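Reviewing the structure listed below.
Just so it is clear, A, B, C and D label the chains in written order, and each chain counts residues from 1 on its own.
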Amino acid sequence: MTAGSASMAAVAGNRADLSAARPLFFREQAQVLSNATLAAGLHELRLESPRIASAAAPGQFVNVLVAEGWDPLLRRPMSIAGTGPGVITLIYKIIGRGTAAMSTWQPGDRADLLGPLGRGWEVPADGFPVLLGGGVGIAPILYLRQHLAAAGRTHHLIMGARTIGEHFLGHEPEAGITLTSDDGSVGIGGTILDGLAHFRESLNPSGGPLSLFGCGPPAMLAGLQRLATREDVPCQLALEQTMACGFGFCQGCSVAMRPRPEPAAHSYRSRYKLACIDGPVFRAGELL
Amino acid sequence: MTAGSASMAAVAGNRADLSAARPLFFREQAQVLSNATLAAGLHELRLESPRIASAAAPGQFVNVLVAEGWDPLLRRPMSIAGTGPGVITLIYKIIGRGTAAMSTWQPGDRADLLGPLGRGWEVPADGFPVLLGGGVGIAPILYLRQHLAAAGRTHHLIMGARTIGEHFLGHEPEAGITLTSDDGSVGIGGTILDGLAHFRESLNPSGGPLSLFGCGPPAMLAGLQRLATREDVPCQLALEQTMACGFGFCQGCSVAMRPRPEPAAHSYRSRYKLACIDGPVFRAGELL
Amino acid sequence: MDVSLRTSLGSKLVLAAPVMTASGTFGYGDDAPAAVDLGALGAVVTKSITRHPREGHPPPRISETPSGLLNAIGLANIGVDEFCRERLPALAHIGSVVIVSIAGSSMDEYAEVLSIIEAHDPDIGGYEINVSCPNVAEGGMEFGVDCAMTESLTRRLRDLTGRFLMVKLSPNVTDIGDIARSAEGGGADALSAINTVVGMDIDPASGRPSLHTVLGGLSGPAIRPIALACVYKVARAVQIPVVGLGGISDADDVIRFLQAGAAAVQIGTANYRDPAIAVQIIAALRERLAGMGLAAPSDLPGVAA
Amino acid sequence: MDVSLRTSLGSKLVLAAPVMTASGTFGYGDDAPAAVDLGALGAVVTKSITRHPREGHPPPRISETPSGLLNAIGLANIGVDEFCRERLPALAHIGSVVIVSIAGSSMDEYAEVLSIIEAHDPDIGGYEINVSCPNVAEGGMEFGVDCAMTESLTRRLRDLTGRFLMVKLSPNVTDIGDIARSAEGGGADALSAINTVVGMDIDPASGRPSLHTVLGGLSGPAIRPIALACVYKVARAVQIPVVGLGGISDADDVIRFLQAGAAAVQIGTANYRDPAIAVQIIAALRERLAGMGLAAPSDLPGVAA
């Protein structure tokens, strides 16, 4: 068993590189407020986690302890899907034992979290933000949307799923929400990329500059990356790399980078970056 | 995860020796009916487990799966404390992770059991049965008591604990129940052996032949064994030996036997017997 | 998709399924619980048999560790005479192939045990040689950690039987591939890997070792990655079939070992959770292969592919 | 009862507590989270440093197994030049003893790394030599699996420094006691055991190995019994202090290793659950010893007692 800690232990984070400030993260015993089905296969977990809630930024994640015993051994990284006063929201899909354990949590239970972790989205001043979330990849996208909405910045959200039952918002393109479904049961039939193409043709026919933010399955991210590179559109992608620690200690979450001409300050982190402290958000152009 | 099985799979047991009949045991997904505190540190779990309930005999046990994952790995053996129609009762104490997990079970949950396992009490026709249960060792004693009561056989129950709060019956020597407490807060002050001495002096002054049945902590069992040997009183003891399987496959639950003059049929099981199929109930005289 | 689980381990042995029960975790074969459908099993490997009955080690003999089990049973068994007299006749009728595991503390003892069984011309599938036994003559060094001893023991037994002869390898060596090649060189028909990993535990409250013998053998899911690495190395070192074991607990685990290069597998510690688990795993394996559109386990791509 | 956790490892090194963080699981020491009270730690062992910066292996580099973690990081590190330039100065002020872990693919590389650090006359506690590296000159065989290589590597480094020199042993050998004696013979001041156990996993759905390098190193609670057995054997083989590690996750585990013969321990994989875990374990250890009425860890009875 991990040695018990006080309910909130401040832990200053590892620095991403020597020049960057050292981010703070916390170990917090968060109280479960609700844990409910959001849509087919998607669960929403609301947690009272004041330290993490007040320090978090869109695109960051928490690392969730899912077992008292030693099997499974590792925490499970989960993007923060939104915050409220003292509260964070996670959206998760059951894919194995850890997420299955999470789905049994009841209001009042305690969840042992480390966070907020990682480097989140950068929101450039120019370009119209188009937010693209596929499947459970919607979580960091929704948090970014909350942030943009609070800042009064107009944007467009494109959400993809296989079928209507997996959606929890309505298809309202004029209100800034486009849904796509593989089976055509709601919104645009096809993938997120079809949704993006449709958006560009019908809602952004003038071709004004866009700024893309994507999270979702590998095929979607690869498609976005190709498009962004081909058309030179600014694009950030949030990756889900397997992690052992989440705070830069294990070097396990390496992400291959496109070779760069100039010599890097840390040559050992030029070819591979670490998803947990250099990411999970990367610019599409720097990824291999 | 253990491969799922039908809710009841009949599994014929390993034979204790070549001449014995092959006992049957079952893997049963028992439904939790209740799980409540019985006394300080003691919990009572009632399970709907029809196959096991109808096959069980006093002194037998079930082997309880306490984890979905692989840690902890082994089932936990628990004596059957009583049966009702389709129902078995367990009495347990939280001493580690497995029993802690059991304590979280709610009515309606399923418990994965193997049982009934082991060789239980033999009730000889002669001798006045005195049942001695110390602490959580009370479980197999209570089941024997249920059996004797149903058969209309008079007997006396002596229960020991450290203090009054750990008792859940009343001290009623005339009604066949003597309690002992280390701190003298209820019944006879002292150990179970003091209770037995008191019983023999005050309730059985004629010195009629007794038949002792004991289960409890090692020191209590050792004391009973010494007394039984010294005074040549028939005495059976239920042991709690660490077990990996509970049905004779692992050879892990060995119990050292008193050397016997005559050559044993299975010489490899003369020096050590297996608690799970030769016991858990042994005659005090055969134990080392 | 019709899935066939029939598996040959070389020319001498054909199994109904590539899943057996491991030595020391499933009795002698004839004493298996009646409701375990032995006919569905690829084979049952018996408890290791020695020349004379063995009492085994004093308690405590077992202890639980994270996702693992430590044991020091000490080869408690009925001895070859009683085995031949009372068990062998029944074993012909249990509906499953029986592989007899043999152990000894000298080459002579192994040879004697095997010869005594051979003399009964038994209806068995063959032998598994448990070389993880201390060689008393050589000062207690295990047969299975030394190439020369492994090779000469294998050759000695090879000369005594034409039946299927499988050598069970110890993981407690610097280079398991070397030992594997020695057993192959000695004439083994197949190799099984792995036996338990040397381990130890202590009860922190009392300070006492949790096994009477202090050191014991670790088994169960904890060692699965170690076993898988051993099987992968052994399969690359030899031409003969490899039988994988170590922590296998479900059909996914079986697939992992087959992909690492095993031709078949054994289930050990998992039997303790449910004596029918091997039968259930075989059914689940059939389903998984069908779901993957494969006709046979051999259609699984190896990790090199 | 006043408990003192002060621990000497021979004459050259005194620790505030017998608990350090393990190499590769806690960064370089100066980059530890601010709220980890480094002053409470016995020591921080740095990530292994090589002559040149290393990118490490391509992903995937880690994979979870039952109660265990497989890794193949490939010694990703900043290299000795940057280490000396940018880290070493800060390490004098972190409040904890720093032990620098050194790795290489040839004896010359180890020697060069150590010499470069020595040339800075750094304020460090000493060195830990990671011998679980393939020796390129010898065809990729690990230094740590061969007695002669272990002894000559140790002697070579011994001649280059008067500081505390600890050799970290690999468990992937037939006889860890032999290797331990070789390192002692080469002049090591202490030994640490164990590095990771060779392991492998496969994703059964895709059939792909779960690490890019196929084989990796297993750590975490799954290997604790293996590590404990190694420490027990090493402590019986040598006279110098032994530092135990492998799966240690709480104060009970620390007590287990101390009782098996370790003079101190390291915490590795458990740091990934909480970077402050080693500090918490030290506090819990103090409480446990007080509860047992012991004044110091050295009062714990050994298993032989």
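Rule of thumb we're sticking to: a contact is a pair of C-beta atoms (placed from the backbone, for glycine too) under 8 Å apart; a residue touches a chain by one contact, two chains touch by 3 or more.
Small disclaimer: the values here were computed from a predicted structure and weren't measured.
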Find the chain most remote from chain A, comparing centres computed as mean CA coordinates. B
If I rank A-C and A-D by number of C-beta contact pairs, which comes first? A-D
Using mean CA coordinates as chain centres, what's the chain B-chain D distance in Å? 47
Quick one: report the Å distance separating chain A from chain B, using the average Cα coordinate of each chain. 54
Just give me the whole-number Å value for how far the CA centre of chain A lies from that of chain D. 35
Interface hub residues of chain B, defined as touching at least two other chains: 69-72
Where chain D touches two or more other chains, by residue: 66-68, 220-222
Think of each chain as a node with edges to the chains it touches; is that a line, ring, star, complete or other? complete
The residues of chain B that touch chain A in their complex are 67-72, 97
Within their complex, chain C touches chain B through residues 24-27, 31-36, 53-64, 66-69, 71, 73, 76-79, 82, 86, 220-222, 249-251, 269-277, 280-281, 283-284
Enumerate the contact residues on chain A facing chain D in the complex. 1-5, 9-15, 18, 22, 24-25, 27, 65, 69-75, 114, 241-256, 266-268, 270-272
Touching residues (chain side chain D, partner chain C) in the complex: 65-68, 70, 145, 172-174, 197-202, 204, 207-209, 214-215, 218, 220-226, 228-229, 232, 247, 252-253, 255-256, 259-260, 300-303, 305
Touching residues (chain side chain C, partner chain A) in the complex: 66-67, 221
